[in-house]
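One structure, as structure tokens, below. Some questions next.
Every chain is named by a letter (A, B, C and D) in the order it is written, and numbering of its residues begins at 1.
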Amino acid sequence: MTDITINTITAAPRSSAWSRGFAHFRYVMTSNPVTLLAFVMLAAMILIAVFGPALVPHDPLATAADKALKPPSLQHWFGTDQLGRDVFSRVIVATRLDLLISVSAVALSFFVGVAMGACAGYWGGWFDKLSGRLLDTIMAFPLFVLAMGIVAAAGNTIQNIVIATAIINLPFYARVARAEVSIRRNAGYVQAARLSGNSELRILIEKILPNTLPPMMVQLSLNMGWAILNAAGLSFIGLGVRPPTAEWGIMVAEGANFIVSGEWWLALFPGAALMLAVFTFNLLGDGLRDLVDPQRRT
Amino acid sequence: MNRRELLKSAGAVAAGAALLPFLKTNAWAQSASTAVVLIGNTINSLDIHRPGTNRPSYQVAVNVYDRLVTFGTKKLADGSLSYDYDKIEPELAESWQISSDRKAILFKLKPNATFWDGTPVTAEDVKWSFDRALALGGFPRVQMGAGGFVDPAQFVVVDSKTFRVDLKQPSKLAVPNLGVPVAVVINSKVARANATDKDPWATEYLHRTPAGSGAFRVERWEPGQQLVYTRNDKWVGGPLPGVQRVIIREVPATATRRAMVERGDAHLSFQIPNKDAQELAAAKKVKVTGSPIDNCLYVACLNTNFEPFRDAKVRQAVAFAIPYEQIFKQAAFGRGVPMWGAKSAKPATAAWPQKFPYDFDLKKAQALLAQTKYKGGFEVPLSYDLGEADWGEPAALLIQESLGKIGIKVTLDKVPGANWRTVALVEKKLPFLLENFGGWLNTPCYYFYWAYIKGNLFNASNYDDPAVAKLVEETLHMEKSDKSYEPKIRQMIQKAFDDLPRIPLWQPTLESAMSPKLQGYEFWFHRQVDARSLKLT
Amino acid sequence: MSAPLHNPPLLAVRDLCVEFATRKGPVTAVRAVNLQVAKGETLGIVGESGSGKSVTSYAVMRILDRAGRIVSGGIEFGGMQLHSADEAMMSDLRGREISMIFQNPRAALNPIRQVGKQIEDVLIRHAQATHDQAKQKAIEALEKVRIRDAAKRYHAYPFELSGGMCQRVVIAIALACRPQLLIADEPTTGLDVTTQKAVMELVRELTRSEGMSTLLITHDLGLAGEYCDRIVVMEKGEVIEQQDTAGLFTAPAHPYTRRLIRSTPHSAATVRDLLPEDLRTPDLRTPLPPAAAVSAEPLLEVRDLVKVFESPPSLIQRLRGKSDAGYRAVDGISFSIARGESVGLVGESGCGKSTTSAMVMRLLDATSGSIRFKGQELTAVSAAAFASTPQRRELQMVFQDPHESLNPRATAAQSIADPLRRLEGMTDGAAIRNRVEELATQVGLPPDLLDRLPHQLSGGQKARVGIARAISTRPELLILDEPTAALDVSVQAVVLNLLADLKAAFGMSYLFVSHDLEVVRLLCDRVIVMRAGSIVEAGPTAQVLSNPQAEYTRELLSAIPRPAHLPGHAGRQAPAVIAGAA
Amino acid sequence: MGSLGLILARVLQAVPTLFGIVVVTFLLTRALPGDPAAYFAGAAATPESIAEIRAQLGTDQPLPLQFVRYLKDLGSGNLGQSVSTGQPVASELLRRLPASLELTLTALLISVSVAIPLGVLAAVRQDTWIDQLCRFVVTAGVSLPTFFTGLLLVYVFYFLLGWAPAPLGRLDMLHITPPPVTGFLVIDSLIAREWSTAWSALKQLLLPSITLALFTLAPIARMTRASMLQALASEYLRTARAAGLSSSRVLMVYAFRNALLPVVTTLGMVFSFTLGANVLVEKVFAWPGIGSFAIEALVVSDYAAVQGFVLSMAVLFVLLNLVIDTLYTLIDPRVRIDG
């Protein structure tokens, strides 16, 4: 079918890279309603993360003795918690932190993992063996327990939660990167790049790595959701973000104890926010892949 | 443990199961003679002397072993039952006499007291058990020491049914200290038979297999899941328990515990969060008992090694900036005894614990702080134990918010269990922390001994005052009836008011929810379930 | 020739239109196609990629993928209306009445099912055998397609068989139920020439003996000419001509057909002859300058070159301290290329020709032997470090697959500019752009295509980008690794001419690696024939091709399909076509 | 190479990994803050009593010495004694592992029997609303923290509706553990012909395994869909269709069996992931498995328990990979030769 597309392409006029990029974005969005939905939700989340803290109706940290554990009302849309803090404001404000945790954890493991996997896949040899062993070792750990151990050992700061999450995600990126690089290391265009006098490092970084992006994107978005869940799990066993910081996971974890006593709003709303975020990230993957895949462009 | 032992223990489990081939189900689990009790922690040993035995395991010592003496029972104002510190009653001992110089106590053992294997309880058993508590070290030795028992030579076998304790100095704590869970009497013949050269005190054996004379025997123990007691019908230590079996079930999730007791699937949920207690009490579907824990306070400790807290004025300023009322409402859910707002700055009585003369007053706090060099405020981390987060976290959050208003910037630091003890109590390096010490022996001097004397474990604030040290030394073993006792205690309390290394938030209660069918629940200083008094109707 | 008209045709396709849904809206792939296949007849559909020939056959089988649908027209088979038949009926017909064999036979077989079982599946499905006799019948089917040791091969998995064997299995599956019509979709693509011949002979023999009709779909006019009774030529979804074979070759009616016939390399034409009249621009019209530029001085000298691929020793082997001898891909070959000379390196897949070219190109380190270029020893520098040596710019290569050899994320201009930046040290953007456009013009690539990504270019355009990149540093030696293997014949003709012109213009030497002797003949002064890592025969092209000494060379030559009607086979010239066109 | 040799080689390959795990775990546990001795010395400990316990635990010695001692113990099969439960770690793990495995395997069974059909369905009906719905459903499952799902299920099915038994671990209080054969209570009680015990064990198992299964639906369904799509687009499938094979046979024998290969790999990963993830579920359901054991141990710096737990998980992981390899070999003939 390639030639059919080619025929239509040759007829297409030249247009600026920007408008072509936008057209491609529009195509990816409209071709799959779920992807569109995911991107809309992501945009909403980013907006909330940026502007939310400035717009919330109540101070997310302010306690009020007389308003503790009130169910949702017009004044407090999501009710109030044990200390009378406004759950709605806390859920909104937490968006920024949760996005920060997931994005930075994933970014960290992405860069380190890709660098490791790419070197291992490209040059092989002792580095490949060594990093392979290291990754095997990490993989053989029950990952959540490893994260628990790291956070318990290093202290439960946001930074350590990010690092722990990054470490347990590392093998996924490194493995995908290694596989994707090693199937490409002798591809035609890589050989051509060698003939063109590119150094090996330049070939790896400029020619091969960008082409491994599409399959990575799916992993990336899955892991972003997973990072949030991971932080929530840590909160559940008491190793999460420190109070009074608002964070979805810790709010769900704490609110979960109130379900039986009927204060459902404490866990439900942050839980719903968390679920929406993870849901968004999970659905985002295919769309992201399509976006970064040049083959999908016209 | 080597592989052979592993095989052996696996075999033991199999054999245990094989002993009950006819019992397809525990029919008794439903019967009226079985009580189901829920606890939140894991019982990790059946031997209280063994190093590493955790607090929840102390209930085994309470229920399956006997001591020489025990405490009486009293009815509290709300109708609930509590142990009575002032009434010592016989358990294995039939009677005892204190020598005229009050330096020796002579116990006569009950003639009909026998261990489960039918052998009589003898003075040798008592001595062996007490020697063991000292020899194995750790907490048992410390607790024995509280009563003045530090040397095995103090334990004397007079004859097979007569036992004497010699004291280095007279102490009012000696007899009560024989009623604490640590001072159990073990069947030394069985234990010795299972001792080895490497393990002369049979810790490995007794860890899994109790050998005592108590009201209950352990029928099954599945660590992390449950412990089942069956009644010892030949018990002579007290009135025969009202239930034949008690299932102690470990349920870590508080929500599940609450749900189960609400749905009637358990008779007693022991030690429930205050919030549940408040709501369950209001709902009236189940009985809730909340007994104030004697000699116990939830306090905010100010470490005097932390520069700003060296100044007593700063400490007082903090005390005026704590929103006691709100904390009591939102962290304690109104269950406890308020410890703030005394009208007079001088202690009226020697009662302990008693209200401190501080209240929530930001103006006063600001004024006090302004008199110090910290009027611009300072930063301090406030730490609390992860295991105590149910009250510690809301309290810490409220303190954080309130202190912020007088310019003290507080950051919160939740410390996991293993670390807590080290940094808070052993190294004592936390500047500001929430702490919950309670003394088993119900005297103010005992509390002050642990919490206000330099170097002692619960003095997390590193408080050091020669006057208090002297007062404690004088009063610790002094009889309460001594005329100088009360004034000295008042002096001590006055120091605590003024110097304020520990700011009491409230006196906690031990909350338990139980089915209306369950009677005889009794509060004990050791904060363990005493299954011996339970009855089902 | 007139027989099909007397009997009702077995298959009749009338005004068939097939559309595919794409992101740009529906695209018509097949437009108003009419064709008929009579009983016992072999009909060829010939066309280049995108002509709609395969789509037509899939439509007949009703196995178009989900995006495609028959918009209008009718397909009648033995009186049944296939275009409107329901799936149940079609699935009954498929395999029993109409069967199909495919290109790339190994991929066409279920990789994890024993081949015998795959035959059994069909037999049982169409009630040609009960479960008890299925195995026996499957073995018979294997025997029928000349698979030796059929009972043993029954249990084989596709990966254990060679490509030719796999194609035989595919044929066995197709013919198991003795269908009336066999559709062969590029059945020889991806197979070596000698295997191609064997497979096609087998198909012809089996269909003839059973009296089946065959629909042969191919891009190779030569193949169609040799095996078909009649040929349909398709272009851009339309049938532009159908004739009996002899008529098509002797009197092609449509200009496109003429162009196709002309473009197909054959023993008589020069490289210029491949081009259709209308494409002959003035400078292409001129004959090539004589190859007098060849000097005696060797540009490249290869001596005793060896490449051994060691399989990494397994753990057990390592424990025992021994390892395999390794696979000798190139086994001590020697040859030389003179300045301005163009040498063909010919052989079937796996003969070591690509390994040789990779070693000469310094993409791969040799195990032993020497490669001297302009008197300098190249093997002194390792392949990994060669990129930074001055010789790099003098040794360049054009790759086999023009698509795969272009970075999917780089525009044509970026690809061409890459060696300029790295090897020529050019940094000024405008200067680079100028040079790139100059190169694009030289290789006949319209400059307005330079900002496109590879997948937005056609195969021929991509080949031009690859060539432009290779010549951008004015190399003295250019290795052409099957540069036209992935191209349609008409495009191949243009590219071959371009290469010939470039060589003349820049005085480069070529090492032309190919499996196609006809192409080599057009472009090379000398030819080297390789087999299993060694040189079988070498000599001047004309001499080797007309009077091959080695048995293997003769085998290769005889495997090339030579339809009796193709000009140049009967006579050594092509008067008919050129005359007809003129 | 014989299959025995193959297995041997795999096991040998795992040795460095296992050693790495031993080292990492050892260092990690020692890096845990806090002094277990102080924790276990009890309420009224003095510095001396803490020092005594430290000596008993051996934590007063320098790290290398502790490590050598640990390795020696490991060599003699001694995993040490858990301070938090007071039991030898080895017997503790042996007792708890079946509980975790029973939970995990049941969860996987449920997950696989839902996710694979869903994945196949989504692939066959690619880009239709069915496909989107499947994607939605499985993604929703993976979007909630397991502990939250678990608590929610308990609230609804136990507290509100009363359909499920109290989340009290593997058996309710009415039943006695059957004689251990497999360690899986449901199977053991069936072997012992104690039907009501089996039924009770099954009921206890249901909610936690559904909680876990919800979480594992997504990766399995996703992979099934992707590999099914690949198989459906393959040339051999076209051959099969062109040969007129019935669509069910094409789907099951040709497409599905090929699509199964990557699914098996995913299953292995999901299994080890689930074993790690069920720590939270075990906590919610008071499940006496190794996960809840590990959490407790970690919080109180119970070195021996954490080390033993991680080591046993690693061994399990190695065994699991062996099983996956074997499964792979059964499905894919190509692997048998490559070895």
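Simple rule for what comes next: a contact is a pair of C-beta atoms (placed from the backbone, for glycine too) under 8 Å apart; a residue touches a chain by one contact, two chains touch by 3 or more.
Note that the coordinates shown come from a computational prediction; the quantities given were computed from them, not determined experimentally.
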Pair exhibiting more inter-chain C-beta contacts, A-C or B-D: B-D
Of all other chains, the one whose Cα centre sits farthest from chain D: C
Distance between the centres, which are taken as Cα means, of chain C and chain B, whole angstrom: 87
Whole-Å gap separating chain A and chain C, where each centre is the average of the chain's CA atoms: 45
Centroid spacing, where centroids are CA-atom means, of chain B and chain D in whole angstrom: 38
Distance between the centres, which are taken as Cα means, of chain D and chain A, whole angstrom: 24
Sequence positions of chain A contacting 2 or more other chains: 152, 238, 256, 259-260
Residues within chain B bordering two or more other chains: 255-256, 259, 262, 386, 416
Per-residue multi-chain contacts in chain D, two or more chains: 32-33, 151, 155, 159, 283, 299
Chain D-touching residues of chain B, taken from the complex the two chains share: 1-3, 5-6, 9-10, 13-14, 17-18, 20, 23-27, 29-30, 36, 42, 44-45, 50-55, 57, 137-139, 141-143, 146, 207, 222-226, 247, 249-253, 255-256, 259-260, 262-263, 265, 386, 416-423, 425-426, 450, 457
Residues of chain C defined as touching chain A within the complex: 20, 22-24, 27, 29, 49-50, 67, 236, 358, 361, 363, 384, 387-388, 392-393, 395-397, 399-401, 404-410, 415, 418-419, 422-423, 448, 451-453, 455-458, 466, 469-470
Complex contacts: residues of chain D adjacent to chain A: 16-18, 20-21, 24, 28-29, 31-33, 127, 132, 135-136, 139-140, 142-148, 151-152, 155, 159, 218, 272-273, 275-277, 279-280, 283, 291, 294-295, 298-299, 306, 309-310, 313-314, 317-318
Complex contact set, residues of chain A against chain C: 1-10, 14, 27, 31, 187-189, 191-200, 207, 210-211, 294-295, 297-298
For the chain C and chain D complex, residues of the former touching the latter: 61, 63, 65-66, 87, 90-96, 99-100, 102, 104, 107-113, 118, 121-122, 125-126, 157, 159-160, 170, 173-174, 314-316
